[in-house]
Amino acid sequence: MISSPDAPAANAFTLTLSCPDRPGIVHAVSASLVAAEGNITESAQFGSPETGSFFMRVDFTSPRSYEQVHTELAATASAFAMSWELHRAGRRTRTLIMASKSGRCLNDLLFRQRAGTLPIDIPAIVSNHRELEPLADFYGVPFHHIPVAPDTKDQAEDRLRALMAELDIELVVLARYMQILSNDLCRDLSGRAINIHHSFLPSFKGARPYHQAHARGVKLIGATAHYVTSDLDEGPIIEQEVIRVDHARSAAQLAALGSDVEGRALSKAVQWHAEHRVLLDGRRTIVFS
Amino acid sequence: MISSPDAPAANAFTLTLSCPDRPGIVHAVSASLVAAEGNITESAQFGSPETGSFFMRVDFTSPRSYEQVHTELAATASAFAMSWELHRAGRRTRTLIMASKSGRCLNDLLFRQRAGTLPIDIPAIVSNHRELEPLADFYGVPFHHIPVAPDTKDQAEDRLRALMAELDIELVVLARYMQILSNDLCRDLSGRAINIHHSFLPSFKGARPYHQAHARGVKLIGATAHYVTSDLDEGPIIEQEVIRVDHARSAAQLAALGSDVEGRALSKAVQWHAEHRVLLDGRRTIVFS
Amino acid sequence: MISSPDAPAANAFTLTLSCPDRPGIVHAVSASLVAAEGNITESAQFGSPETGSFFMRVDFTSPRSYEQVHTELAATASAFAMSWELHRAGRRTRTLIMASKSGRCLNDLLFRQRAGTLPIDIPAIVSNHRELEPLADFYGVPFHHIPVAPDTKDQAEDRLRALMAELDIELVVLARYMQILSNDLCRDLSGRAINIHHSFLPSFKGARPYHQAHARGVKLIGATAHYVTSDLDEGPIIEQEVIRVDHARSAAQLAALGSDVEGRALSKAVQWHAEHRVLLDGRRTIVFS
Amino acid sequence: MISSPDAPAANAFTLTLSCPDRPGIVHAVSASLVAAEGNITESAQFGSPETGSFFMRVDFTSPRSYEQVHTELAATASAFAMSWELHRAGRRTRTLIMASKSGRCLNDLLFRQRAGTLPIDIPAIVSNHRELEPLADFYGVPFHHIPVAPDTKDQAEDRLRALMAELDIELVVLARYMQILSNDLCRDLSGRAINIHHSFLPSFKGARPYHQAHARGVKLIGATAHYVTSDLDEGPIIEQEVIRVDHARSAAQLAALGSDVEGRALSKAVQWHAEHRVLLDGRRTIVFS
């Protein structure tokens, strides 16, 4: 990591990969990195006993170009049948945020993006309502009002897909977007759409969950951020948060506290995704945080 | 609270009550306390909008005897149709602990009781196995081995009931007791038996919950301490705790961490019950902690 | 609390009081409330053994006017030498926020106020810089730029005092305001100005605290919200929060995480103050949360 | 990791190392592991920008013997000027626990060791008092009473050193041992003695810290587990924990809650040390947890 004064300026990269576990993976990858004049600054590996998969994330610097580094790694990746990605550090994930009327999560994401702690660009906000348009305007993010009715749902998803294509969207964040996406869209967004929902111990099925939680007198309320799958709210979990509550809180106050927790869990999940710290291991995630 | 030098030594009491909410409750109770020369040291009240019940807990001192104070309060309690209890401070709740093979929760309770932070006496430990007998012996608590087989369950519960009667048991703590109590016993123990079980977000039904939690990659695991009802694991919640885990923990490690959290939640619930801080409001608890 | 159909509409009030502890306080207060046709919905009392003071907070409803209720309570308050306040529920605390360049805490407060979870009005934001003016504009709050230089400090504080008088300010929140207030102003604002600052275990003196915390490899970073006193950062603590960090976080990342925690602790402290849940007990606070 | 049926049974190892950061470290280490037929199951690396050091921890399996693996790694270690250790997985750290009268931390450690969640052996408990002897007896651990008086301190430390030598002690845990070790002993135990002490925000100097914390009305109390250095309570931090408290807790109750937190922080620190997850980076620790 200590560069000699006459070395060319180094670029920072992040490599993530997963593959069937077998001997020699780290050695092969590090050989490719040495060949690319790479210096590792932070790295983590994990072999999953259940799925027999191996996971690796490497932050490194190299004086070579992205293309040169990519080429060095490609042969190794191929030899080990890796799923892999090479990211330029500092390149921000192009993120589309969807929301409905509640602005808590959206406000959190926009503020953190602006403050520089969330490495994403937000070229678009999509909503089925108009309430959050002023917030989008304040942050200078184009706001797309795409209303959804039972008979226009297909059409609305077509507009969303078109927008994603046009804007090169890499990540979709459902920041309290209160419409259910179609199975087709969920499948197409697999691994690149993050949703947030409330979580309780015990869990409550059906409508008005905070009223149910209040009626049971729960002492903790929580939130789960997860990847979207067609199985509603059952996708791989990225992050969870809870806070303590007591009997004196009304259902409405629980819901307000819940939205705080949702904002925190969602922001963390988006940050970890955007920093390429989340890898999929079947139905669960490996988070190199 | 500042007693004059020649005042008789004051006794400390705790009063708890609940009744249908209407004007004048606090005034009537405080009038009775004034009549009993009582000085309030800590108190809390809460009116539950959902159930229309009013809850009150008062710590106070008085130079009068327990019987005298009781008499002063009885008329008020009757006039307002109160459920109420008057406790001598420092009188320890007679507690029977039931456990099976896992000693984590039992060890916590015994250690805290011995250290003086848990205001209970433990005249008996009941187990359907023998593994925990040495731990009971170390703390000098009589250990009762009551094995349970499908055809001896009634008999076992009869022995338990006899033991409870003989020892004047006021509270039963199920500290990882892995047998299901009969509906009759659950009903008879209503409000004076505390159980602990694991809790997750989302919750998992069926066997091997930590394996399920591991397979879903949960980021938090928790525990819920609750009063026993005939509806298994659905009784009024007293306390909940969680801790953070990550992908590298095996199902066995999750279970070990889970037992830590269970021990903490159960100890707190027992403490609050024994300090008369928990009142029942239908399916939920009011905890004046 | 269950009003008869023909009763006049009830108003909700909050009463807070403290006085030297002696028998009969609760009884006298509840007698006044009965005389005012008051119904208690939530209440808490606490006698402080150290200072010999008694503290009480009561939420109640009454069909009487504020003036009538106030009159009923005044005689009791006088008899017990109480410090006391009677608040109309729903009346929002008039709050002036001061900030410098960092917007995290300000953004939190503005969002929560707008969302209705923080019972305050914000008639003014004061800053010694201009960076946060657009945020104030977005929320429609008048922004007052009052620069501070060593030789203009008195003048700046005069402008602040004039603004507070003109706007009937009841609470000042220092939301990362990086100027030290004069001793005179601190004294005048005693009990009605809240500050936020970072907190660590162990604590670090002097400049660049997050660099010091990083150098020591702390595993938790925190924030403390407290009342302003002339003894810098040593006023009565209202709320504290922490989060977990690890060795891989840089000092800059620690500072960013720290500002999250600061925002949370400050918002809670402001909420509790505005809900009249915080009472002063010498150098410490009683928080009836 | 997937072994062929006729492969020799693999042994599990943990390698930890640190060295001056430069290119090729991971590659060289992984080459040695490949040469030793090693399969990595979990691994983490970190380059510390402040100290210019690189840290690595690798869990791996190999069919070779400890000596063979050690030989393969030794050349690489030498070439990169590494501080390094190779541990057989499952080999338990030989740990001597020192305590005085308070048994909370000791009880936690003994219970967890017995339960199998703490990979240590405890061949001796040393105390300057006799109160904890029965607890040691219950767990079958030899108890050594080494009283300490001002004029016998040297002698007491000589006995301790002799005991450590005789029992091949690798780790000393000060589990609320209320005597200050000499500078010489602290230096000799550097990196292999763990202490626990209370921590507050703000911190309090001098005697009776819980009384000071109570007088300031802190809302959180905590504990810090750290390596012993001659600079009292200022050694590299391994783990920190906090819990929430409120105004109603007395100083004695704060101290009881504090001992819970101390037990938790200390147990975690010992676990991580014994799992070879803690590496020293100057005044701070890298914890690969």
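Here are some notes:
Think of it as A, B, C and D in the order they're written, each chain with its own count starting at 1.
Heads up, the rule we're going with is that contacts are C-beta pairs under 8 Å (C-beta built on N, C-alpha and C of every residue); 3 or more make two chains touch, one makes a residue touch a chain.
Fair warning: this is a prediction, and the values are worked out from it, not measured in the lab.
Chain pairs A-C and C-D differ in how many C-beta pairs are in contact, and the one with more is C-D.
Farthest chain from subunit C, judged by C-alpha centroids: D. In whole angstrom, the spacing between the mean C-alpha positions of subunit C and subunit D is 42.
For the pair subunit A and subunit C, the distance between mean C-alpha positions equals 36 Å.
Residue positions of subunit D touching 2 or more other chains, listed in rising order: 42, 46, 49, 248. The part of subunit A that touches subunit D in the complex is made up of residues 1-2, 21-27, 30-31, 33-34, 37-47, 49, 52, 54, 244. Residues 42, 103-104, 107, 111, 115, 117, 134, 138, 248, 256 of subunit B are the ones that touch subunit D when the two sit in their complex. Within the complex formed with subunit C, the subunit D residues making contact are 46, 48-50, 199-203, 214-220, 222, 224, 233-234, 236-242, 246-248, 250, 281, 283-287, 289.
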